[in-house]
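So, here's a batch of structures to check.
Two complexes come next, and they have one chain in common, chain A, joined by chain B in the first and chain C in the second.
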Partner chain A sequence: MQPEAEFVHWLFATGFLVLGICLLAESIVGPEVWGRNPWRPHLWPGAMFVMGICMWPVMILFTNSTIHMVAHSAWAQVLMLSGGAELALARGKLTSRYWHLTVGLALIVSGAASLVHEQNAWLFSRSAFVHHALGWVMVGGAIFPIARTFRPRSFVLGAGFAATFLVVSVLLYSHRDVADIFGHLSPVAGAPHR
Partner chain B sequence: MKTRLLALAVVVVLAVLVAPAGAFAHASLRDPSPGYRERLAAGPAAVVLRFDQAVTVFPDSIVVLDARGRIFSDQAASGADPRIVLAPVRTLPRGAYTVRWHVLSADGHPVAGVYTFGVQVAAPPPTEAFGASGPTRAEDVVRWAYFLSLSLVVGGLGFALLVLRGMPPVLSRRLYKLIGLGIVATLEVGVLAFIMRAEGALQLPFAKLLYADLTPIASGTRIGSAFTAMTMGFVVVSVLVYLAWLLDRVVFLWPAFLLALGLASGLSLSGHQAADLGSSRATELADWIHLSAALLWVGGLAVLALCVWPLARDLRRDAFLRFSRLATLLIAALLGAGIYLSIVRLPALDDLWTTRYGQVLVLKISLVSFALLWGAFHHFIARRALVERKPSSWTGRLGTTLVGEASIAMGILLVAAILVNSRPPG
Partner chain C sequence: MRAEPGQLEAPRVRRSVRARAVSAIAPFTVLAGVLWAFAQSYRLTFLNPRGEGFWWLAVEPPLLVILVGVFFGAFVAPGLLADLQAEEEEER
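And then the complex of A and B:
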């Protein structure tokens, strides 16, 4: 039994929305206020780690192409790595600030997987557009967690980091296969489908 | 002005994204007829493939072949519905058939796949479809890497729980790193091994393999089932080990160890073991015991040589003596199960030198004998010196000799990987 791809994308869009909202709230109120409640600093790293675990069944279920399988596997691993590292930092198990760089790495790997996965140009089809947009948002957005490693109190970097996840969330929510209102951007891509 | 342009750009991007349409997906085969590995009473008039979106069809989009490679299908064509592709099939006599298909997805990507069906006979798995190749040398190496990764996980966890009886702070960091490395490698090598096996069935160049449909192989073969179970199982193992490290709770390592040990059976079931002549529940159990004992032995040696010896001088003696006791049991289990399996798989003695499987087995037995001699030196000479607390030149070099024994054990795993990928005679 395989769920519809869009449902899975929406599920993960919700996960990224949670990450984005938590990070935005943290950057607005500041880490001290955010950390007053002991479980709150564990919230977004924990969500990220759980999203990584949930990505594995997606890899197993969606075997309709090798490249999808490999991409899902890469996303699962980087989500678990960065979520796990942030969780360990929040708990004090890891202390070096350089572990924050794993989130930047995760975004670069995820973005690259999305870009490599799409061989057509931006305006070839809606699929191509979304893949390119997702890829570049993640690759470009990696600058925020990387810079935030060295300037953890910067509001701009914190908000940019949160915005990256919010945009990724919007892009994932935009995956809707159920109606033929807007089809391919290029006639070369063929007739609209589904 | 700049703000207006920016706002306009945002609105355009959102309008494009909000409008519903197909995205993210290449064409996926939804409903093939005949189905994957379906056993039919009579041959079908046509092979019909239904995709989830419109596809471009070529004359050779569907090819139906029998076990000898004779083609039984005519030119493929698109159905009234552009998502359907069909190819008329001539009368099929009793036998197994392979369907090889390829179409162009609406997003411009070539999509391809292979599956099998049978007419009055059971269909073989797609890994045994016409044109599929058997395990290659590269796959032997990948299986070896899989054995090594598993030995780090199973051996590392087993050593921590059975020999060290916990995670001594002095070793904790390196031991967790070693086990973590093993888990990551197990997952990575598992994915690689599955794709390589799928490539053997699909017989596609790399660029086309990227968009190939792996579903019939993932859901209809032993290696596919083992891949699914082992991937999900090792994700659970990774979470348990992570929690043990994060929360300093060794108790999480027990379920991780038992699960990893149980998952080792997936390797037996994905090799020739489960399908060869003479295979039974008893041989499956023996294969699992053989493999588990080997993984614990090799992994334990690696931990002893790479963690205990360089990092914990105070723990060396106790750890060595306890592992020595465990290793005696492991070697007994390894030899007992191995001898039983050899007798089942090679009923005639001359199979040992007249068949390739037998020759590889002889090489493995030779290496095992060498490792046993090395182990006997550790057991009867080094161990006695440690029990009597009499330092000698041998005990001073134990770290090096342990690395030597571990290296030979790893060599045995390489030969074992070749053996598992080979087909026994008969």
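And then the complex of A and C:
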């Protein structure tokens, strides 16, 4: 009954797609309009927090190696930290704007974990390519939430933040357990399937 | 003193662009899922099930994209557009 890794990647891609389009809508209308409804500001932080909780079963069940477990638990912790901090900011329990920096921290830690836990080269397989690309997109994309902490009404920073999650979503949806990437697949990667 | 027509029209155009952009998110997301479903129809295992297990039938990525678009269009966009319109009317 345990899903293969590609299903988990696709489910998390769906979560990142929800985050991305909510953040895109927020950047278009601005934080004041987005915050007019009391539940709406909780939407994407709540989704992020739930994704952090869902990351723990991934850490427990997908024990390919120690570095996988460490990477997955790091993701779970920073997703819950940033989601929880954003929820508390939306609720008014936290007031300092510097708590928004936890999202940047989450992206840097997640990106670094993705890069470190991928032991193969870029063109080893599609999975290897996706994890390298994810890592660099998240590390680079961290600039948006960090800068947005100081300029929360900037459309460019908000749209960039949303685009980071949308790109992460596309990369996760393209993940396959064993598949080629740009015509390359290492002979030791295993037999590809559809 | 009467305002020039150009001064009144410019903000209205900018706001309507915001409303149109928000309205386009859900249809665009659904369209992306539909196009993906046509481009990689083998990802829709329910169309031609051949003994696949639970996860192959439950997690079909193009359908997930369509569902996210439907969710946003049904539950988020209507209220957001109403609040955007209310804000624009307050500014006038």
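One rule holds in what follows: the second predicted complex is superposed on the first by the 174 of 194 C-alpha atoms of A that agree within 3 Å, B and C clash if a C-alpha of one lies under 4 Å from a C-alpha of the other, contacts with A are read in each partner's own complex, and residues count from 1 in each chain.
Basically, a contact is a pair of C-beta atoms (placed from the backbone, for glycine too) under 8 Å apart; a residue touches a chain by one contact, two chains touch by 3 or more.
Quick caveat: nothing in here was measured; it's all calculated off a predicted structure.
Trainee: Just checking: does A:70 make contact with chain B only, chain C only, both, or neither of them? Give me first, second, both or neither.
Mentor: first
Trainee: Who does A:46 touch here: chain B (first), chain C (second), both, or neither?
Mentor: Touch status of A:46: no partner.
Trainee: In the superposed model, which partner reaches more residues of chain A, chain B or chain C?
Mentor: Of chain B and chain C, the partner in contact with more residues of chain A is B.
Trainee: Mind working out whether A:140 is in touch with chain B, chain C, both or neither, as first, second, both or neither?
Mentor: Neither partner.
Trainee: I'd like to know which partner A:21 touches here: chain B for first, chain C for second, both or neither.
Mentor: second
Trainee: Pick one for A:29: touches chain B only (first), chain C only (second), both, or neither.
Mentor: Second partner only, chain C.
Trainee: When the two structures are overlaid on chain A, which partner does A:7 contact: first (chain B), second (chain C), both, or neither?
Mentor: The answer is second: A:7 touches chain C but not chain B.
Trainee: Just which bits of chain A does chain B share with chain C as contact spots?
Mentor: 194
Trainee: So in the complex, which bits of chain C are touching chain A?
Mentor: Touching chain A from chain C are residues 18, 21-22, 25, 29, 42, 54-55, 59, 61, 64-65, 67-68, 71-72, 76-77, 79-80, 83-84, 86-87.
Trainee: Residues of chain B touching chain A in their complex?
Mentor: 13-14, 16-26, 28-29, 52-54, 56, 82-83, 106-109, 111, 184, 187, 191, 195, 198, 209-215, 217-219, 228, 231-232, 235, 238-239, 242, 245-246
Trainee: Can you check the complex and tell me which residues of chain A touch chain C?
Mentor: Residues 1, 3-4, 7, 10-11, 13-14, 17-18, 21-22, 24-25, 28-29, 32-34, 36-37, 40, 43, 173, 194.
Trainee: Touching chain B in the complex: which residues of chain A?
Mentor: Within the complex, chain A touches chain B at residues 5-6, 9, 53, 56-57, 59-60, 63-70, 73, 76-77, 80, 84, 87-88, 91, 93, 119-120, 124-131, 133, 170-171, 174-184, 188-194.
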